[in-house]
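Input: structures, listed below.
In the two complexes that follow, subunit A is the common piece, with subunit B as its partner first and subunit C second.
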Partner chain A sequence: MVSKKKFWNAKRREAMLFYILVFPFVTLFIAIKLVPFFNGLYLSMTNYTGYNYDRLNWVGINNYQRVLTDAQAMAALGRTFLIGLLTIPAGLAIGLGCALLLNKARKGLGVFRTLIYLPSIVPTVAAGLMWRIIFNTNAGLLNTILGVFGVEKILWLGYDHIRAALIIMMLWSSTGTLLLNLAALQGIPVELYESAALDGANGWAKFSRITIPMISPILFFNLLMGIINGLQLYGQVVLLAPDGSNGILSIPLRPTYTYMVHAYQQILGYSRFGYGLAMMWVLVFVIAILIVVVMRSQKYWVFYGD
Partner chain B sequence: MGQVRNRRKTKKTREAILAYATLIALGVIFMYPLVFLAANSLRHYMDRIPIMFFTEFHFENYYFAVAMIPFFRYLLNTLKLVAIGVFGSVVMDFLVGYAFAKLNAPGKNFLFKLVLFQIMVPYIAIQIPQFVWYNTIGIMDTFWVFFLSALGGSAYNIFLVKQFLSSFPREIEEAAKIDGAGFATQITKIVIPLSKPLYVLLFFNAFVAAWNDYMGPSMFLTEKNFTLAAAMFGKLYFLPNKPEITLEPVQMAACVLFTVPVIILFFFCQKFLVQGIVTTGLKG
Partner chain C sequence: MKRKKLSCLILVAAMLVSMIGCATPALPGEETGAVESKQESVAASAEESTEEGDESTSVDGVAEQDFNGVNLRVWVADQNPNTEFKEYFEANSGMTMDVIFADDIKLMSMIASGTAPDVWFIPGFGSGAMFAARGLLEPLDDYIAKSEVFDEDDFVDAANLFRWDGKEVGKGTLYGIPRDWSLDNQFWINKKVFEDAGIPIPDSKTTYSYDDIMEWAKKCVEYDEDGTQIRWGFGSTNDLMQLITAMLASQGLSLIDNDSGKVNVDTPEVRAAFEYWKEMYSSKAAISDISTPGDWGGNSLTVDKVGMVCCGYWFGSQLANDELAKVRLEDFELIQAPSVDPSKPSDACLTGYGVAIWKGSKNKDAAFRLMEMYLGGEWGKQLARSGRGNPGSKRFVEYMPQETEFQKQAFDANKYGMEHMITVQTCPYVTPQGLSSIFQQYFYETLYDRMTLDDAIAGMQSELEIMVQEGKEICGVE
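Now for the complex of A and B:
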């Protein structure tokens, strides 16, 4: 009665192929992500300095307590938040505003799209070095242009204006969301606008009732990525440091001394590995909370239609 | 009636003029810094005052930019990392993404949650522990660091590939299966030819990521293995007898040399990038 079935039937073969294809992904996830992750968690509760791996002392949550009471670390965290609050929403608005404008332009779309998108693919290092010259006090681009309007020379890279300089530089390169936004805008069915026009909706109503809800999943995604990346701000501030001779360990001026700079200084500069790792976990925890908050906010403003 | 239509038409024209005027202004704002960069890469290398436009043409700065540092060694290292990164994304991420989009197996949903989770985890949560871990297992300062992470794939790319391939109509592959096409034939004859925009998107993202990355090479490699991005982060161009004086024009020339390949690549890929992003979508 029982017919002899081949063991390697189509279904099993398919499953086997799946496992073979994802094998490197899963193994290496464990080997170079999960293991270091927990290893790092363990080391953050020790006095690891980079040299004493064979005779570690367990210090429990001591490092974490020190992070939370480290005035420098907490001030740096606050500063990072402030810079994020100033750059993330503005950056998203620039990406969206440019996409809205480009969506209106029928002719020359390609040219303007390229011009506006290019800054976001200029390598960070090149952009940083370039902006240093633009911020040059005597004859930099910015002061020369402002000079035409009678503004006195501003010491952009000095203590008082470094944060403004950083924000200008970051906003210049914040057009990376342009292509995504544009794709989303072009995906909105025209019929929606036509029927709204028949109902007598004006421009603002169309924008707030159709455009924004229809592209809200993209805005949500961009916001999430903006927060995750924004709190890890590092390269740009180091590139604007007064003396760049220390490479990635150059120390930025106080107003742009971010949390990540402090963390990397502890680890790579002072060999305080345990402490630096604890600092990093605190930031990961803060980011995780923000992710949860943003995810929860989805139901109030993100529209997942059909 | 005619008047109303006319008025509507003039309003439309006015809006269009306004939109184009704003776009031109934005184009100038976003492009001028790059023009300024190019212009200043051509001023005399000892001149310390920036120039506003192309008024001097000292092309020898480009020679200095290449000759003052081991430029080609850095470039070769950069290309190595680019090759590794592109391999990881175009081969590994593609195959894993394909598996998630098209194949069924027990445990698939759990594994896909792993992918989504990895997208959310901040880079630093991995990089510093990795730095410590690679130190421990002794593969620091080798390209193994980058090769392993390429083999392991990028969660974000895997997600992109899955989204893209899921939008394929099933009939195409079913027809192929009936014709007796095996896995390799399906991939090479059907899936890949149909995924050109996705391929360009993966290639471009991987190229730019590896080309621009300064953090990875600075942390995991020493100077002899540095890439251009990592090397340029330090002070490279100064007067031999007065290291505190940076030769800005030469530095700017190096920036131009470093940026131009990315821009050229973007021009070639542009059309497919936009298509790729449209088809991949990010909904749901």
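Now for the complex of A and C:
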């Protein structure tokens, strides 16, 4: 028989301590993340409407088949991709551009950093309401400024310009990557630029051969986050909807009717929880594929210094 | 011995003080010291509500039952019942009350987990029958039959929105009792805007046509010298589905045919209604969220920026409490709901909040007691006095505000409208949000000329048929 002292040797004690320490996290992770996660997956294969939890019918993959044949869902997904294609690269460029400018700043770095970073920490709802007023046709700031230059009043929140309005609003708040970019830029050894200068490299050469490769892991991370957030676009479009004061059930005009809006409409508006959840899972799958593609691409453009 | 007597005296004095301290919380609007008038009102209420007089009646004249210690959970969508009622209820019922402000999603989660609130405050229009058809509401007929507070014959017609016989709304079992409601298609006009636009002030007891409304709305529109629109003609709290429902109702028609369980939008009347509202919005006569963010027209009415708003009697209480409007209430007037054929006036309640009991509640009797205390007795009168809408019981109509000229005008116009009230059919198989969403989406497409009316109608019809079919399956209807 193994004595108690022998059994609780240092290795076992360390292991036990590890399990005790991770126990609260693991428990919470299972309860708060995994259980709802798999419950959502289960419900996406039922006829759940929000009111019939006690009499669910198993419908298998019917809801998933329906997503793929739902013309509105597919059109909304295409629209979301289009908006993402326009806003994600532009947002990354703006974040990088601002970081480059601030990296050169000799004075007032803190002030400028705060000012430029500020839009990204303004809550989406507050930003949306503010932009609704700015985009107002009759008394909005944007039309007032454009009017000074003789531009006719534009119906920004109407069918023809709503997508442009959305992109403007999204780019305004796209400086969230600023701090990461700035930190990455400031982490580049000055010696690299000095050596390049000695070799006769001009500004563009330094930027493309030193700056971009050195901060490419951060750009890669920002790209991933941009894809994940971009495909889940919801709050901004709802806030710019014609009936924006109708809350989460506001209906955006078609050019900004994104995939998530359609999913939310199915769940909250039409009481099609099962179907809406299936839409969400399809989106998770699409995002996962894109992430895999981007991850695979990193060997061609992300520099880890090895 | 003396010490014992002194102790007794002190004890009695302490009890008296504590009794005064623990007196029932005042009813709303009641002034301190008005004990006599309260006793009178309580006595009157008891007299009204009990046929043979009950020895054991509570403060609002309702027969007392022992619900001590029961905790009632009440789901509300707005600020009513308020803290005042909560205090009153808890002090007089021996129960406690948790007010839960929640959206539909939270309610669905609570239903799923079997922890839904006992009492629900829900709109009768759309939601009443929808919840009833899904088996979520407790039938109230038996409770009402036994009640000493409620009398079924005393309920106003708006209660019909909570009736569902398995086939038709407005008939059969009652699942809810109205709290406050309005004829939501009546209009408040701003007389100053009308005068500025050269429109004769309409008679408040005449039914005008929809064409009149369009003409007035367009006439109210005004631009400044820069071409900026500064005045509109029309605003509404009703969404497009409600506006079209009201327009059809004025022709004796309905979107819903519950006999066949269909929502039918492919009719000449719905097409005409779609065209009508398209013209109203595309001509910029209608104020919208785009032109004035966050305002459906109510705020604009008070500052002379819109000529009329379609919302019903309840808005009068908002005007009376609005800082800008209350000093010039003579500029506002309630007029009748329009009709496609003005010789046949009709009006409808398109929201109508009421109170219902969750079928799964373990405290149904206690929940009904809350309904009695809130909607019957003294509190029912107070709700009527607030002017936030018509009461659910006819006997409280006399308590609606009628002191000032403004109140009298609104009361009379509202009363006139009630003579032509009809109960519109709603479809219990689709959620009101879903129905509204489909109408709104297709309306935008036609409003901006991105879709022909034919395509919009066909798209709506197709989507609605799927929705109704899904709803029927859930409700177990063939």
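Definition applied: the second predicted complex is superposed on the first by the 289 of 306 C-alpha atoms of A that agree within 3 Å, B and C clash if a C-alpha of one lies under 4 Å from a C-alpha of the other, contacts with A are read in each partner's own complex, and residues count from 1 in each chain.
Heads up, the rule we're going with is that a contact is a pair of C-beta atoms (placed from the backbone, for glycine too) under 8 Å apart; a residue touches a chain by one contact, two chains touch by 3 or more.
Quick caveat, the model's predicted, so the values are computed rather than measured.
With the C-alpha superposition on subunit A as described, subunit C and subunit B clash in the combined arrangement. In the superposition on chain A, contact is made by A:18 with subunit B only, not with subunit C. Of the two partner chains placed around the shared chain by superposition, subunit B is the only one that A:232 touches, whereas subunit C remains out of contact.
Within the superposed three-chain model, A:183 lies in touch with subunit B and out of touch with subunit C [touch as defined at top]. Looking at the shared chain after the overlay, A:136 reaches both subunit B and subunit C. Ranked by how many residues of subunit A each touches, subunit B and subunit C are led by B.
When the shared chain is aligned, subunit C comes close enough to touch A:272, but subunit B does not.
Contacts of A:283 after superposition on the shared chain: subunit B is touched, whereas subunit C is not.
Within the superposed three-chain model, A:254 lies in touch with subunit C and out of touch with subunit B [touch as defined at top].
In the superposed pair of complexes, A:93 makes contact with neither subunit B nor subunit C.
In the overlay built on the shared chain, the residue A:49 is in contact with subunit C alone; subunit B does not reach it. Among the candidate segments 3-11, 183-191, 237-245 or 291-299, the part of subunit C whose C-alpha atoms clash with subunit B in the superposed model is 291-299. The contact surfaces that subunit B and subunit C form on subunit A in the two complexes overlap at residues 50, 53, 129, 133, 136, 138-139, 244-246, 268, 273. Interface of subunit C with subunit A (complex): residues 104-105, 108, 111-113, 131, 134, 136, 226-230, 239, 288-296, 430-431, 433-434, 436-437, 440-441, 444-445, 448, 450, 467, 470, 473-474.
Residues of subunit A that touch subunit B in their complex: 11, 14-19, 21-22, 24-29, 31-33, 35-37, 39-41, 43, 48, 50, 53, 98, 101-102, 104-105, 108, 110-119, 121-126, 129-131, 133-134, 136, 138-141, 144, 172, 175, 179-180, 182-184, 186-187, 217-218, 221, 228, 231-232, 234-235, 238-239, 244-248, 260, 263, 267-268, 273, 276-277, 280-281, 283-284, 287, 291, 304. Residue ranges of subunit A in contact with subunit C, taken from their complex: 47, 49-54, 129, 132-133, 136-139, 147, 153, 155, 157-160, 241-246, 249, 251, 253-254, 265, 268-273. Interface residues of subunit B facing subunit A in the complex, by the touch rule stated above, are 15-16, 19-20, 22-23, 26-27, 30-34, 36-37, 40, 49-52, 92, 95-96, 98-100, 103-106, 108, 111, 114, 118, 120-126, 128-133, 135-136, 148-149, 151-153, 158, 183, 208, 211-212, 214-215, 218-219, 229-230, 232-235, 243, 248, 251-252, 255, 258-259, 262-263, 266-267, 270, 273-274, 277-278, 281-284.
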